[in-house]
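Have a look at the structure below before the remarks.
Chains: A, B, C and D, in written order; residue numbering restarts at 1 for each.
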């Protein structure tokens, strides 16, 4: 089952756990299942206006590569998922 | 602020081998006149205060920062800009060397470097690396780290036609 | 010099050094940059800027300026739509639209010196400049927040009353700390307990400007039909279109951005500055309006790299293995959040395998212009601390700095501090390249006079880069030459590096690909020219488009030969029929037959690459000579090794490495923002900002290392940025070697070196 | 920029007439490398700019028995490209060859450097140690003043609004004279002196004692200054490292530097010590070499 690496701001939802194994064939399923175990975490991982998107500024790294499919990203049974701030290499804001 | 408008200066000069006559505000820089009045936009503005060399042109054979020359000062003078560096239909050996040595990246400083380097080659055809670096210290480049520019000037120097061998300026 | 690490596929075009396609225009002075735009009816504008770093705008009276002869339009923030405080997701950047709008023209408060407060369009530039003096602005001057310490002090004045900070997921109100992030792996405290040697340094970093020679420019024409066209020197034509749409509250499709040639960017020409102002002025006066920034404003009011304070602590065991490391990174973002603390945090320890690490990053707003990306944004400052700490550790434990780096190098499969594991990377290989260099094996030699001392220093660096979306269109002409249309603006030779990748696939010469960079209406979405992505990602799109061309041309050959497409082979630019000897057509010959086999071929390659493929590592070695009586530093010799994956055009790879190293030398020795308590930059000119001249740097010796990138068909890695990361610590390490003192503050200018020598003598 | 008239004067009288007409709102233009930057930066505004490059006295350079006359508008390159001048006036040539880059040297003049009156002026220190005087023209004719005292404050000089500098007179140096100018800049070109020191000395017949000496300092006071005590300390001393070091120490005391973006008080005093010693050593070397010829 996929392994989710929990970023620091979210570890208070997981009781400090840095990695958790969560079932799911897509990123969305993983997020839903995370929510079951760790209520409140979903709100940090899903855009409030668009349930298919990650919140602005957050990216999901699946097996070392950023997803371009948002929460629709399919996962392998042994996938590794990181939710990380989007790195705009060379980009700036605002 | 309210004063009678000042008449424009009437400037006659030689630009890249051709006689040119134009009107410019008396306070206008030669750089602005070249770019805005004469449509010679190859000369670039980088700082407008004489510290980057992007606007280098020659005036009576000497390199100057055209931002620090007033347009009316050009009256009666002989000017050369980047547009006058190449012979018709060809390239100056320096231009060819810049291309072959990858001596430019963004290219904004390139016209200034070429005009300055050409003046050096004409005065000191065997300048060594230190002299080239010294001569070009008034031209800033932020992309290349300078080395490829210096290599290009050395290459153009080495390849420049020997006197009498060939007409200079044809690559 | 290129160090090969393994046998690779044979390339015909990739790896050669053709003359770049846009070179002729650039050496002849014909290339049109932003300021060179000429349009019918064009008028000129000028911008009035706040002389105060922090001031409430009580009143702006533009009546006199509006009536001045020759003035066509005057604007203030009142002429801009009130952008909702929504989050703008601009693909590569996420920003608050209110801040994005406020940054380009102050509404209620000027929050940095040079903040635009009004703009004028007039018949000529001087008339516009003179009209600025007729605008009365009443300011209520507020106390500026200039330093990190001031910003974080209890009861500090607030740059933004409404800023809500994020402290590792917790909301914080009334703060100047926009964000505090943390990454943690393993147990740092336990790791330090295992260490036999621990070194900790606090480094202070200066703000540093990209220093592109071409100032920002923008020309806009807002037509009566609602269409806005903007000609500008930008690294991100699509990004600018989207940002303009957000700030002007217009549909993206009503805006066309035409990217002009760009006179250097280095990250500083991604965001919008003058574009919305030119647009609004144009709307008001009905004519195209051109704005060119003055050099002083470029320093005052565009985004340099952030300065800040970085503390790094590292422990090693008695074998020299790193047991733990922590970093505390505090960057001054300028007047709006976004100081690149995240890439800084990712990069700070990237060169090392560290099981126990913690990184804290703080994004802090202060009353200076908002910082922007600058070549490997965030990484050089943080890495300065890491690499100087590593050097101190090597000295304490008596280990060769290259050996230490090889022993502790991050490799494929090792995890970065933010979690993901590295794919195949060239970290070890670049250190080995330095170790094997003639420079490394050379003797330092005696100093040139008794007052001078010599030293040598080494440092590593990393930049991750990005992937992203690129579109390339290829059309085959009947003479065998192809035109290649791309959306990636070309700052340093990428027309060539992209065309060469297409040529490689097509089996034709680089010169037979004619690349053009076009506007946002003329090509599919293409992300910015930044993040070391252009040769990598747009190159991948070009390869894809070229492969489609080859496939389609195989079909055409099959048609011509009345054979099955499966029988057509394509090799070295020649199509041949596997089942009919003698049936062969060169690319050029077949191009001439396209009209009769279904018409000319055009293809489009679109990629959206999910990352850079591991990034590019570098190691640099530098020899310095210091005049101990004046503190002046001469760079005697400099060698840079970097992993390019596969160097498409080696001369331009060297050019990126050389340029990055020289920018780093400038940042190391002299470049800085000297800012007074009033928040005003005192050295805002090329004279006093002191970028290196030709006489200040030696030849930069380059070693291109090629560890193929598994995510690119040819193994290409983005290489534009890493080169600026190692120079500053390498020079600090060399100075430590020469003088026995550790310089921890940038720039390491003569006065600072002398002060350090005096402190050393006193102790 | 406030629009102004450009007047190309062809005689001193013509230049003075324009200056009289506009008072403080007119100035002279020589190389333009300072004044155009200042006008564009809004430091002040003018109604007229009088180009004096066409004034014969201002554009001539003459090396005669009495010394060297350098027209106020003579650009730097004409000074350092003249082999005779270079041999006779080494301190001045040092300065002329390092003001700005080559482009600036095509235009910038010592007269302009004087009138700009920057504390950091590279050209003024060497004129001071060469005992130069300034020839000033005004409505009532010409007057001559020493360079020492010509600048009165940053950007200010003894010139009246209707006066202009015509030329600088540098007396012919005595035998066994040597001079040198060095400045400290963080870059190697295109920079403003953090400190500049000009030194000159005359050796006695034996070449073993210093007969007279002059030292001038830039960027350590509101105007370039003469370090007279430091110079006096050298009289009768041998031209030795020790004497030069002692003079440097005294010169550091005569400096009254400030902290600014380019350097600190401490750094500047240290640099005065170092550069005084170095320029004196070079001046002594040049004096000996000259005597040997």
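In this text, a contact is a pair of C-beta atoms (placed from the backbone, for glycine too) under 8 Å apart; a residue touches a chain by one contact, two chains touch by 3 or more.
Fair warning: this is a prediction, and the values are worked out from it, not measured in the lab.
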Which number of steps is the smallest that gets you from chain A over to chain B via touching chains? 2
Farthest chain relative to chain A (centres taken as mean CA coordinates): D
Between B-C and A-C, flag the pair that has more C-beta pairs in contact. B-C
Go ahead and note the Å separation of the Cα centroids belonging to chain B and chain D. 29
Cα centroid separation, chain A vs chain D, in Å, comes to 69
Residues within chain C bordering two or more other chains: 126, 130, 687, 692-693, 695
Multi-partner residues of chain A (each touching 2 or more other chains): none
Specify, in ascending order, the residues of chain D that touch 2 or more different other chains. 1-3, 41, 101, 188-190
What chain-chain pairs meet the touch criterion? A-C, B-C, B-D, C-D
Chain C partner contacts - residues on chain D that touch it in the complex: 1-3, 41, 101, 184, 186-192, 194, 260-264, 266-267, 270-271, 274
Of chain B, residues touching chain C in the complex: 1, 25, 27-28, 32, 35-36, 39-49, 51-52, 54, 81-83, 85-86, 91, 95, 98-102, 104-111, 114, 132-134, 136-150
Of all residues in chain B, which touch chain D in the complex? 3, 5-6, 9, 25-27, 29, 48-51, 53, 56, 59, 62-65, 67-70, 72-73, 75, 116, 134-135, 137-139
So, in the complex, the side of chain C touching chain A is made of residues 87-89, 92-96, 99-100, 103, 166, 168-169, 181-185, 235-236, 239, 267, 270-271, 303, 336-338, 340, 342-343, 346, 370-373, 375, 377, 418-421, 423, 463-467, 528, 530-533, 608, 610-612, 711, 720-721
Residues of chain D touching chain B in the complex: 1-6, 8, 29, 31-33, 36-37, 39-41, 47, 49, 51, 53, 77, 100-104, 106-107, 188-190
